[in-house]
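I have a structure here, written as C-alpha cells, and I will follow up with some questions on it.
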Amino acid sequence: MRQSVLRLNREFAFSILVEMFLIIMVLVFCIPLYFMLINSFKTFGEITMNAASLPEKLVWKNYAVAVKQVKFFSVFVNSISITAGSLFGMVVLGAMASWKLARVQTWVSRLMFFLYVSAMVIPFQSVMIPLVKVAFTLQLINSRLGLIVIYFGFGLPFTIFLYHGFVKGVPFELEESGRLEGCSDIQLFIHIVIPLLKTITVTVIILQTLWVWNDFLLPSLILHDRDLHTIPLGINRFFGQYRNQWDKALATLVLSMLPIIVFFLFLQKHLIRGVADGALKG
Amino acid sequence: MKKIMFLAVIFGLLAIGMIFAAGQEEGAAKEVELEIFHFKVPWIDAWENLEDEFEAAYPGVTVETEISGGGADWRTLLKAKFAAGAGPDIFIIEGFSDYQLWKEYIEPLSDQPWVSHLLPNAKASATFDGELKSMPLAMEGYGYIYNKDLFAKAGITKTPATLDELAAAAKKLKGIGVYPFASGFGTWWVISNHFTNIPFAQQDDPMGFIEGLNNGTEKIPGNAVFNQWKNVFDLVLANSEPNPLTTDHNSQVAMLANGQAAMIQQGNWKEAVLYDTNPDLNIGLLPIPISNDADAGRVPVGIPFYFVVNSTSEAAEKEAAKNFLSFLVGTPEGQRYVTEEFKAIPAFDNIPASNLGGVGKDIVEYSKQGKTIPWMFSFWPDGAVNEFSDAAQKYAAGIVSFPEYTREIQAMWDRLK
Amino acid sequence: MQTVRVKKPAGSRQEEGEGEGEGENERVGEREGERVGNVVSVLSGSRKRRKGSRGNSILTRQDSSFWMFTVPALLIFLIIVQIPFFIGIFYSLTDWDGINSAPDYIGFANYRELVNDTRALGSLSFTLRFTAAVVVLSNVLGFSLALALTKGLPGTNAMRVIFFLPNIIGGLILGFLWRFVLIQGIQAIGKTTGWAFFQTPWLGDPTTGFWGSVVVFVWKTAGYLMIIYIAALLNIDKSLIEAADIDGAGKFQTLIKIKVPLLFPAFTVCLFLMLSWAMKLFDVIFALTNGAPYGSTEVFALNIYKEAFVYNNYGYGSAKAVVFFFFVAAITIVQVWATKRKEVQL
C-alpha cells in the first residue's frame, strides 16, 4: 500500500516534469509567431526601435495597405482555385494509377512505380528551365489551368507513393467479390475502391495542399500576369532585394496564414490520423 | 467522412468553374499588349498610375508590368520568361555584364528622340558595342549617409573629405556614445557591389584595370589602390557596431534613423525609407575617401539599371515600347513621375531634379563639381558580386588577412572571368 | 481530436488477411514491418514475394484495364517531370548560359570540373553536416514530444496542433520570418535582458549560421515527425506494456526494450522523410541566409541554383544537379536498407 502511494507520487512528479517540458516547448514554438503577430501591428520605425515589445498602439494601416497592394481578394481566389484544381486531379489520377499499380504486379507496373518514387529525389532547380520550355510548347504558360496540369505532374510521385502503400494494406476480398458480381473495373473503382481510400485521401489532400498553397518558385515561373498571381507571389513583393518592408510584409504574412490555419483546424482530426496512416503504410 | 467527400466535390467543381470563367476573360483580345519587367518595388503604386496615363495617351495599347521583388532573383524570372518565349517587351539590365548575357535580345535605341538630352556620362555608360542600346532613367550615388545633427553634437565642423578627417570624425563620434558607422556588412551588395567597387573605381584607369585583370597584366594582390582601400575598411571595422556581419541594410536604416549610428554606407535609394522612419532626420552624403589626397573625396555615381527594348518582340509591340520610354522621359506627364513620384535624380538635361532630400542634393552637387567615380561592378564577371561578398566578409570577420583576401578575390576573378 | 488512434485494436479490418496464428508479439512486429517494407523494397529496387494467404490477390499479368487506369497519370508525369529532367541531363553536357539560343556541346567537361570545385565540395560538406544534425535533432525532439503527448496530460490536443503549426507555413516565408526573428527579435530581447545568449550574433558567423539553420528546420519538421510517432505509439498493443509492468520492468526499461523495437518501422519512415527533405532543402535557406556569411551556409541545392542562375552557367549547374540526384538517391537507399535490416534482426 505504502509502496504504491510512493509510486503514485513519483508518477505525479514525473507528469509535472513532462508537462513543464511541454509548456516550455510550446513557448519556444510560439516565439516566431509572437514576433510576427505583434510586429504586424507596428510602424516600421517602431519595429526598428524594438522588435520584441508589444505595439504602442495597433496600426491597422499595415493590413489595409497589404490587402490593397497585394490585391488580396484576387490572389486569394487564384490560390484557392489553383490549389483545389491541382488537388482534384492529383487525387483522381493518383488513386486510379496507384490502385492498378499496387494490384497488378508485372515488370511494367514495377518500373512505373520505380519511376514515380525516384522522381521524388529530383532537385526542382535542375528541371526549372527545361520545364518552362516544355510548358511553353504545350501552351501551359501564363494560365491557371496550365499551372494546375504542371502540379499534377509534380504532385503525382508523392501522391502515388502514399496511395500505393495504402492500397497494399487494403484486403483484396471486397474487390474480388465485386468482380464476381460482374462489376466492371470502373464500377469497382468508384463503388468499392474509392470508399476504401478515404483516410489516405484526406492525408494526400492535406499534405499536397500545404505544398501547393505555399509554393512560390513554380507559380513564379508559370504565371506572369498579375491578375493570375497566387498569395505567395503577392507577398513576395514586400520582400525586395533592396528593401524589406517588414511592417507590411508581416501583415500580409498573417493574412496569408489565416486561411490555411482555418483549413487545418477544420481537418486536423483527420490530419493526425492521415499523416500517420500515410507514413506507416507508405 | 461524408462531409469531406462532399467538400472535395464542391471544391473540384468550384475550381473547374473558375478556370472556365477565367478562360473566357482571357479570351478577350486587345490590340497591342505592352509587357514591362523591372525590379523597382517601391514604385508599384505610382507605376500603375503611369500606366493609366500612358494608355490614355496611346489608345489601343494596354500595359502589363511585372515588378519582381526579391524572393527569387529577378534574373531567374527573366530567364524563365525568355525560355518560355514570353520575354517582356521592355526589361532591364544592370550594366555591361547583363548586356553580354542578353545582347541577342536588345534593340538599338540610338534613333530615339530623348537621346540628345542624355547627360554625357549616362550616355556613355548606356552605349554598348559602339551603339546606344539602352535607356538610363536615373542616377544614383552612394557613400556615407551621415546624421548632420550628431556630427554637430560631436563638434565636427568640417565635413570629412580625406581618410584622416574621417578617422578624426569617427573618434569624436565615439566620444559622444554613438557608433560612428553601421556597416551593414551582413548584406552582400553593401559589402560587395558598393564597398568593393571603391578600389576598382579609384584606379587611374578603371576600365583599363578591368581589362588588365582579364588579360592577366594587372593583379589585385599588391595593387596600391587596394592597399589604400584597406585603411578605410579597417577604419569602418574598428568603429562600427558589434557583429557587423549580422547587420543588414534594414538594420543600417534603423540605426541611423534612431540615432544609434552616425554614418551608414548607403545611397539615395534609402532616403525615402529613412525619412519615413524618422521625418526629422537631418542627413547628407559623404564620400568614401581612401587616402589624404586633395581629391580623395569622390562619390561613386552610376546608373542602377537601364531599360532595354526586346528586339524579338513584334513590330507593334516594339513601337509601343519605344513610345512608352519616350513618354516617360519626353513628356511633362512622364517626367513628373521621374522626379515627383520616383524621387530620382534624372539622367537627362531636360528634366530638372526636384523634390530631392539631403542625400540627393549632395549627389547632384558632387556631380556638378565632377567629383565622382564610376560604378565598376557591372563590369565584374558573372557571379563575382556574390563571391567577392564572401571574401570580404571573411576579412571583416578576421578569418583571413588582407593579403590573403586579395589573393582570394584574384583567384575568384581568374576563375569567373 | 478525441481519438487519434490510427488502427482499431486486434481484430479490426487491418488485421484481416495478415499473417495469423503466431504469437502476439511477433504478429505486431511483422505487420508493421511489412508496411514499411513497401517503402524499402521500392527504394532498394527489389521486391520480396508476399507470403501467406494473399499470394493470389495480386495479379502477375496485366489485366484488361491496367492501361486505362495508369496511362493518364503516366503521360502527364512523363511530360511534366521526366522530359524536362532528361533535357536537363542534355544541358549538363553543354556550356549553355541559360539564355542564348545555341549552346555548344562540350561532352563531360562539366562533370570533370566538379572535382576541383572547392565551393561546391564545401557546400556538399555543409549539406551533409546540416542533414546529420537535423535528422538527429528533429527525430529526438519529435519522438520526445510524441512520448510526452501520449500520456493523457492536460492540454494534449491543443499542444499537438501548436507543434504541427510550423508545417503549414511555406518554406520561403518561413525563412524570411525566422531571419526577422533571429536578427531583429532576438537582438531586441538581448538588449532588454542583457543576457549573453540573446546577444549572440545569430547568422553572423559560420557557427551561428549553421545552428540557426538547424533550429529553423527542426522547428519546421519536428511536429510532423511527432505526429507519426504519436500514431505509432498509440498503435502499440497495451497488453504488452501491461505485461512488462507486471514483470516489474521500469519505465525506462519498457521504453528501450519494448517500445523502441516496436517503433522501428516508424523510425525508418521518419529517417527517410528527414533525409530527403534535409538534403534537398532550398527555400528555407534561400530566404534565411542565402548562404551567408561568406558562403558558409550554402546548401547544395542553393549552390546549384546560384551556378545556374546567378553565375549563368546553366550547363554546369545541370551537371551538378544530375550528380546530386544520384547522390541523394544512393544515400536514401542505403539508409532505408540499413534500418530495414535492423528491423528484421529485432
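Worth a mention:
By letter and in written order, the chains are A, B and C; residue numbering begins at 1 in each of them.
Here is the rule we go by: a contact is a pair of C-beta atoms (placed from the backbone, for glycine too) under 8 Å apart; a residue touches a chain by one contact, two chains touch by 3 or more.
Remember, predicted model here, so these are calculated numbers, not experimental data.
Counting C-beta pairs in contact, the chain pair with the highest total is A-C.
Chain centres computed from CA atoms place B at the largest separation from subunit C.
As a whole-number value, the distance joining the C-alpha centres of subunit A and subunit C reads 15 Å. Subunit B and subunit C have Cα centroids lying 39 Å from one another. Look at where the CA atoms of subunit A average out and do the same for subunit B: the two points lie 37 Å apart. Counting only residues that touch two or more partner chains, subunit A has 48, 128-129, 133, 216-217, 232, 236, 239, 246.
Along subunit B, residues 71, 73, 79, 83, 250-251 each make contact with two or more other chains. Shared interface positions of subunit C, defined as residues touching 2 or more other chains, are 98, 172, 184, 187, 287, 305. Interface of subunit A with subunit B (complex): residues 44-45, 48-49, 69, 77, 80-82, 84-85, 87-88, 91, 128-129, 132-133, 135-136, 141-145, 148, 198, 201-202, 205, 216-217, 220-221, 224-226, 228, 232, 236-244, 246, 267, 270.
Considering their complex, residues 1, 4, 6, 13-14, 16-17, 32, 35-36, 38-39, 42-43, 45, 47, 54, 57-66, 68-70, 72-74, 76-77, 79-85, 87-88, 91, 98, 144-145, 148-149, 151, 153-155, 159-173, 176-178, 180-181, 184-185, 187-189, 191-192, 219, 223-224, 227-228, 230-232, 235, 251, 265-266, 269-270, 273, 276, 280, 282-283, 287, 301, 304-305, 308, 314, 317-318, 321-322, 324-325, 328-329, 332 of subunit C touch subunit A. Contacts from subunit B toward subunit C in the complex involve residues 71, 73, 75-76, 79, 82-83, 101-102, 104-105, 186, 188, 242-243, 245-246, 248, 250-251, 382-383, 386-387, 389-391, 393-394, 397, 399, 416.
Listed in rising order, the residues of subunit A touching subunit C in the complex are 14-15, 18-19, 21-22, 25-26, 29-33, 35-36, 39, 47-48, 50-53, 93-94, 96-97, 99-101, 103-106, 108-110, 112-131, 133-134, 138, 149-150, 152-154, 156-157, 160, 164-165, 168-169, 171-173, 176, 184-186, 189, 210, 213-217, 232, 235-236, 239, 246, 249-250, 253, 256-257, 260-261, 264-265, 268-269, 271-273, 275-277, 279-282. Of all residues in subunit C, only 97-101, 119, 172, 183-184, 187, 201-205, 287, 290-295, 305-306, 309-313 touch subunit B in the complex they form.
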